[in-house]
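I have a structure here, written as structure tokens, and I will follow up with some questions on it.
Order of writing sets the labels: A, B and C. Residues in every chain begin at 1.
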Amino acid sequence: MWRDLGLLRSELGLMLSRWRNRLGLGVLALVPLMVTIGMYQSSRAGGGPDIVGGLTNGLVVPLTALFAEAVLFLPLAVAMLSGDAIAGEANQGTLRYLLTVPVARTRLLVVKYLSLMIGAVMGVGIVLLVGGILGVAVFGAGETATLSGSRIGFWDSLGRLLLAGAYVSVILWAIAAIGLFFSTLVDQPVAVSIGVMVVVALMGIAQAVPELEWLRPWLLTTRVQSFVDLMRDPIYWTQMRNGVLVALGWMAVFLAAAWARFTSRDITS
Amino acid sequence: MTDPLAVRSTGLTKRFGSRTAVDGIDLVVPAGAVYGFLGPNGSGKTTTIRMLLGLVKPTAGAAQVLGHEVPGELQLALPRVGALIEGPAMHGHLSGRANLARLDAADRTADPRTRGRRMGEALERVGLTAAASKKFKNYSLGMKQRLGIAAALMQPHDLLVLDEPTNGLDPQGTREVRHLVSSLAQDGTTVLVSSHLLSEVEQMCSHVGVMSRGRLIAQDTLSGLKQQATARLRVETPDPELALGVLTSLGLGDATSEGPIVTGPMPADPAPERLVAALVEAGVRVRGFAVEGQGLEDLFVQLTGEGFDVA
Amino acid sequence: MNLLQRRPSLRWIAPLLTLGLVVTAPGVVQRVASADPGLEPRTAEQLLADLAGAEPRALSGTVTQTMNLGLPSLPDLGQGTGGDPLSMLTGTHTWRVWTDAKQSFRIAKVQGHQEMTLVHNPTDSWLWDSATREAVHVSHRGAKGSRREVPVPEAPTPETIAKRVLAAVEPSTVVTTEASTTVAGRPAHQLVLSPTSANTKIGQIKLAIDHTTKLPLRVLITARGASAPAVTVGYTSLTLGTPDPKLFRFTPGKRVTVTEADNLPMPGMPTPAQRYHKDVTIVGQDWERVLVVTTGSPVPTDDAAVTELLGQFPVVSGDWGRGHLVNTALVSILITDDGRMAVGAVQPSLLYAALT
């Protein structure tokens, strides 16, 4: 079992060794910086309302940044990572060496998915970490105003922030499952990333089409924003619970599809 | 476990759509052999190797590697197999050593505590110690090939499958790989090495299998094949009919004539001089008589109807 | 070789099966959640008596309203805050309600990423809008420290709707019962009210009444001839017990604009109309009632949004004037060019009659 962890660690090392991925983390970290600057300027100018309540606490910065990135940047990051997962290895030819080591295909798929999950958490984590540090440094660690008009203390809002991160991660895991499946279909990592982004974009479009209203509960892009319910007082769990269930549904379907595809396909690259 | 056969396949077949890449081949690779898997590019060697390693699923037929069914018992067979498949492929942005470490981390049977030592030994053996921390993408083709072999040497293996290991190597590199293969064989490792180069197979291998258009058209020990190919009789005469009659009566029924030339396989007995005497005695006007030695190359051209690349 | 190795295509059964499970799961969960608990049947009279005798209960819950009137989705004139009462006519709306069953309650309308909250306690009423970060405060103390009654708006909870429906029951209604059901995890009896008048578009109103507390848990309004309800208002979760008292207090935070007022404006939370609009009259009786609103100013013709919205509906005219008729399965709305509006769950002819 702990030797499986060795493979996972190697997988994470490989992920972080790519310049592209490091750059991606940097881009993710840029958004909280921009949010901080924006909020600083608007707070000096007297400020208008913002999406997550009054700016009385620096933790509003990571929350706003997370809100801004959850729909596009974080899915994009997951799309890039999932391109590397199987298709990238196939494209480089390293897949055939991993499989003949041997790594059983199901085991490889599990490790790849785990590393995607961790990658998603890292993406969310960097947004929260950079946003949190910048926010607290600039705006202090006071109370946060909730959407319900009440105020909560710093530690309470920190806890809710981590919950928000966890929720967004779960939704990203569902996107990663779709990506992993696409990654088993083709040998071009770029095609996988584009495919995942097309799915994400289609979800965004479907969200705006009245005729597709029946589809709306299933759209991850709509679901991902439900974490603002954490900023209600008391926390409104229903939508997030449903969001997690929907994400689990996507995961189950696409992980099963990835398994069916990957364990039966010929590796000819 | 000492199975007398390292690899055995029966009717192994792979079709990609309507194209038959491998057509019902029966491989027999004895344990301890250096088996040369010879055939021109595109003859189905790589697909066969991929089937043996479980990368490609056979359309029909069965195969056993080290006594285990593949792909059914792949996870039992593969830990005892080292492989270099269709050229080395590693992560370009990682160093040679990091690439080896990654493959070793993927190996459940490998002990991470001895990883450093084993990597060192494998790199030493292929002569890459000095270049171990260079990035893989900066390696020359030969170095890449050697690193691929090093990866296969990280763990002791009962069977090494080397697909075109000398591809792209300079003569010096080719010699090194040959040395490596023979030293491994001396350690008792069975080696299955594919090549489209006859000379290479001739120099390295104890057994040969010849692939052509998806079929295994010959399979024997190297000496056995050489014997098949040893000699041909060539008689030049204006009386071919008469000559054929004499030869048939001496047991050389396979001889054929074309114009004034009669050719046929040359048996060990009767001796050439006796043949000449018999022909002359029967009144055949012998204008020329020769026993021509034939190389494996001629045999294979004859078998496959196509030539081999010479490099 | 096992079966999956011999026939790799069989592996695709796994994702397909999972897909089937995932897609059907919500329906199955719904069906299980609304399963008939097999309660001892109660007669319509008993249920009416239960409703009349139901004590208010301290509770926390979530109320969901789904409107399926067949209206096109209306532009949100309240700039996405849900502050526009028209938006209540379409889509799904969610309220979170807390009450101590005595003098205090809290209603939060969850709308997208915003929230509108009404907090009411014996001394103060607060209306908070997160979109504008404004709070309206109404003190219940009069000028000389005396208590004064503040008209309290009503959220469209099953209770308030049931109350109004029951007021219209006799004599123009047939009351029956249906098999018991489960709402918000609670076993409930079902009471069915069917108007006898042919002029109303309402086919039937179904009330789900909690078995233990006798509280109305859900109201389904179905148009005449339709099978699916046009309006569904019901609890999706309900917990009995006194909520945390701090929920009934409100302290405006920093940078919140507080407006002191005598009465609460109630956008998005319908209030008994007459109380706030002097120009609202009700014509007709029971199920045939028509609400007539006179704004006094004609419909603007230079506003593209208004013109486009109204343009979707047919023009009708009569001796009452000329206007656009929104004729849905359940309600009819007539908007005249001179700025009058008639609304009712009735045939359009009754609207014309009401305007003359």
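Quick note on the criterion: a residue touches a chain if its C-beta (ideal position, glycine included) is under 8 Å from a C-beta of that chain, and two chains touch if they have at least 3 such contacts.
A quick note: this is a predicted structure, and the numbers were derived from the prediction, not measured.
Taking the mean of all protein Cα atoms as the centre, the chain whose own Cα mean lies nearest is A. Among the other chains, C has the CA centre that is most remote from the centre of chain B. Set side by side, A-B and B-C show the greater C-beta contact count at A-B.
Centre-to-centre, using mean CA coordinates, chain A is 36 Å away from chain C. Averaged C-alpha coordinates put the centre of chain A at 50 Å from the centre of chain B. One finds 81 Å separating the Cα centroids of chain B and chain C. In chain B, the residues that reach two or more other chains under the touch definition are 57.
The multi-chain contact residues of chain A, meaning those touching 2 or more other chains, are 264. Among the residues of chain C, those touching two or more other chains are numbered 8. Contacts from chain B toward chain C in the complex involve residues 57, 69, 71-72. For chain A in complex with chain B, the touching residues are 3-4, 6-7, 9-10, 13-14, 17-19, 92-94, 96-104, 264, 266-268.
Interface of chain C with chain A (complex): residues 4, 8-9, 11-12, 14-15, 17-19, 21-22, 25-26, 62, 73, 96, 108, 110, 113-115, 117, 126, 128, 130-133, 135, 236-237, 244, 247, 250-256. Chain C contributes residues 1-2, 5, 8 to its touches with chain B in the complex. Chain contact summary for the complex, chain B toward chain A: residues 50, 53-57, 74-75, 78-79, 81, 83, 85-87, 89-94, 98, 101-103, 105-108, 110, 112, 151.
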